[in-house]
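Structures are listed in the sections that come next.
Heads up, the next two complexes both have subunit A, just with different partners, subunit B and then subunit C.
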Partner chain A sequence: MHIMEGFLPVKHAIGWSIAAAPFVVYGLYTINKRIKEKPEQRMLLGVAAAFTFVLSALKMPSVTGSCSHPTGTGLGAILFGPAAMAPIGAIVLLFQAILLAHGGLTTLGANIISMAVVGPFAAVAIFRSAKAVKVPFALSIFLAASCADLLTYVTTSAQLAFAFPDPAGGFAASFAKFASVFAITQIPLAISEGLLTVVVMNALVRFNAPELQEMKVTAAVQEVLT
Partner chain B sequence: MLTEQSAYTNRWRQISPVAKGFVSICGMVAAFAAGSPRTALLVALILSLATVLGANIPPVRYLRVAAPALFFLLASGLSLLASLDFSYNSTFGLSLHLAESELPRIFQVCCRSLACLTALLFLALTTPLTDIISLMRRCKLPETLLDLMTLSYRTLFVLSEAVHETVTAQSARLGYASLTLSLRSLGGLVANLAVQVWQRSQALHLAALARGNDGALRFLEPDYPDSPRAISCAVISGVLLVVLAVYLP
Partner chain C sequence: MKRYQNLLMMIAVVALVAFPLWMVKKPAPGPDGKNVEIFSGADDKAKDLVGTIAPAYKPWFKPLMEPPSGEIGSLLFALQAALGAGFIGYWYGSSKTRAKMRREIEKEARC
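What follows is the complex of A and B.
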């Protein structure tokens, strides 16, 4: 769930856009470096953005019986790296705003921070920490994908609470309110997305290891493949 | 996608994206500048009428595109209306009640959001994404970002088709008959799609090399007849919209 068009006050909309800009610029810098070394990465990252968009349009069964879409931030960050996910996420969010009227242009900065910065960086940090303490591969993937999903929504709750503090309880009460509203749907969805990402990674490692090794995926996955 | 269908078939398809982009930005500025919910609603009405009547978008299609966003707006408005109080007077140390005093502010936020949504739909339903990307190219956005956007836009329909075909094949084999089967089928689908990302990108790279590509992707910019007139009309109507929002109480 993204913050919808025009919902944030103007100062917040501008502030979050300014905050998101360095991440997108740094992401583009790393992408340019990658393209200079390996020109085929231009096509790879372009198709990866389409993949993330298509992923966000898939209907995913939830353990509560409802259905929603995966964010794809965990999977994308593990496959393509967290820095590249900021510009890729920005493109996906822009496409969602224009093609699906989901999210918006004035709230693009806030949505980039939650979905394309916090989610991917959290996913990779959790995945690497879990691997460092010898957690099994499947559990590391599950923790990375589901925590990235949850942290995305915790960030969105904090952004909304910051913009609309509760008249009685202030930021804390407003954050608790938004987080509880999101928790009803997002905790089951985060579990579903974690399970889905494990199934995807297992399938990739089992059936497509030679292709993945040949196609030079990120170092984190290469370690598992070898 | 309904927005894409409208963007390619509407009456204003041949009007310069600069003009349509300018009106859309002015609509958003007007939404934020509106001093009261009534003014924000007026901005929303003007923009939606311009889209439906001016660009000849069928009203049912317009509502179908706006419906999910309107549902989110309703849900967001209701969450703002609930207030959580950590007071010691309540039974469990916290109480949930309606923030009646906040009602006018919440109504203002929702009306502003609605006006911004109509401004976004004005652009999305009248201008294809390729035109918006070429507009961004004129605004001197980084080339790499625009290349990725172009590649992504052109590939997403190919990937959507692949998803549709895989889901049809999986459904025909009862792949979505239960929750466990659904998760397994979806996992297989995404894994297959992830591999296609590399395969298709390699094929695209080879195709580009075969055509003498030396790095950046170059595209021909379409010409728009009567562009200065359209831009002048857009500037006048956009500025009028902002002035209306600023001066109306």
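What follows is the complex of A and C.
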């Protein structure tokens, strides 16, 4: 989902950066507030950030014959709310942009919007709706994490199509082309991300049950165990 | 049961990664004799696609620093994954020990 350095026109690069900035600032504010109020949750914040570090470093092969990587933002969004993932995602993207020439500084804003804003908000929306219609806990985590992953790549496709509309077919034709590169490749990876998120969430439920209740992720310990 | 579930999910992830490797076959070299690359990055493919949709577009900014070789690139990616995995391992180990010690204290209290 990384748009390469310099591969967005100047206006788009500036526009996406301005759009992303408030999310990062507000995310930092919510993280600070949370850690001040509940210092014991610091460890879980570390787990959420670490999970994003690992998953976004893993480039996996896909059935389309190209490689891509998961995002790992769903877990943290479910735990700490969607806003908290914006600065965490920004750190990962900045690390890759500066040291690895993967993504870029001019495209950082657009990449933050897709990976660290759209993905996390989608994860929380899907998790809450799944919970509301009483979908089993593990399944709702799986759906939230894998759809967040997929939607991140759909967003990247839309951003690129918006910047480079097809001369004949316009935005729609261009979007279809970019989506066939990104979104189709991403489907098996999104499933992997969903499964790995459930594995980590199972461990969290086992070891950090009180915190999860406090975060309103699980209603009560009994409900999860039965 | 839960342990079983986790194991099955891990196996499924490995299968999802292994399946494309086994399924996608390397196509024969093209007419120009060049080998066709498979499993290249989707990000690079998107970059090429920009070139076909808007051939006139010139990237206006270059990365400040590029890994001098593919090896250095994988070193940095491995570092990123190791940092994350290291922390998750630390959390898992300490949580497991904490849960075990809590159980032992409860057992002693009952005796």
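General observations
The rule is short, and it goes like this: the second predicted complex is superposed on the first by the 173 of 226 C-alpha atoms of A that agree within 3 Å, B and C clash if a C-alpha of one lies under 4 Å from a C-alpha of the other, contacts with A are read in each partner's own complex, and residues count from 1 in each chain.
One rule holds in what follows: a contact is a pair of C-beta atoms (placed from the backbone, for glycine too) under 8 Å apart; a residue touches a chain by one contact, two chains touch by 3 or more.
Please read these numbers as outputs of a predicted model, since none were measured by experiment.
In the superposition on chain A, contact is made by A:95 with both subunit B and subunit C. In the overlay built on the shared chain, the residue A:152 is in contact with neither subunit B nor subunit C. Once the two complexes are laid over each other on the shared chain, residue contacts for A:188 go to subunit C alone; subunit B is not touched. Of the two partner chains placed by the overlay, neither subunit B nor subunit C lies in contact with A:73.
In the superposition on chain A, A:114 contacts neither subunit B nor subunit C. Once the two complexes are overlaid on the shared chain, A:45 sits against subunit B while remaining clear of subunit C. Of the two partner chains placed by the overlay, only subunit B lies in contact with A:87; subunit C stays clear of it. Contact with both subunit B and subunit C is seen for A:196 once the two complexes are overlaid on the shared chain. In the superposition on chain A, subunit A positions 1, 4-7, 10, 43, 46-47, 49-51, 53-55, 57-58, 60-61, 63, 92, 95, 97-102, 104-106, 164, 166-167, 174, 177-178, 181, 192, 195-196, 198-200, 202-203, 207-208 are in contact with subunit B in one complex as well as with subunit C in the other. Residues of subunit C touching subunit A in their complex: 2, 5-6, 9-10, 12-13, 16-17, 19-21, 23-24, 38-47, 49-50, 53-54, 57, 59-67, 73, 76-78, 80-81, 83-88, 91-92, 95-96, 98-99.
Against subunit A, in their complex, subunit B makes its touches with residues 1, 3-4, 28, 31-32, 65-66, 68-69, 72-73, 76, 79-80, 82-87, 94, 99, 101-102, 109, 112-117, 119-121, 123-124, 129, 132, 142, 144-145, 147-153, 155-156, 158-160, 163, 179, 182-184, 186-195, 197-202, 204-205, 208, 215. Residues 1-7, 9-10, 43, 46-47, 49-68, 92, 95-106, 138, 156, 160, 164-167, 174, 177-178, 181-182, 185-186, 188-189, 191-192, 195-196, 198-200, 202-203, 206-208 of subunit A are the ones that touch subunit C when the two sit in their complex.
Subunit A makes touch with subunit B in their complex at residues 1, 4-7, 10, 24, 28, 31-32, 35, 39-40, 42-51, 53-55, 57-58, 60-61, 63, 75, 79, 87-88, 90-92, 94-95, 97-102, 104-106, 164, 166-169, 172-174, 176-178, 181, 192, 195-196, 198-204, 207-208, 211-212, 215, 217.
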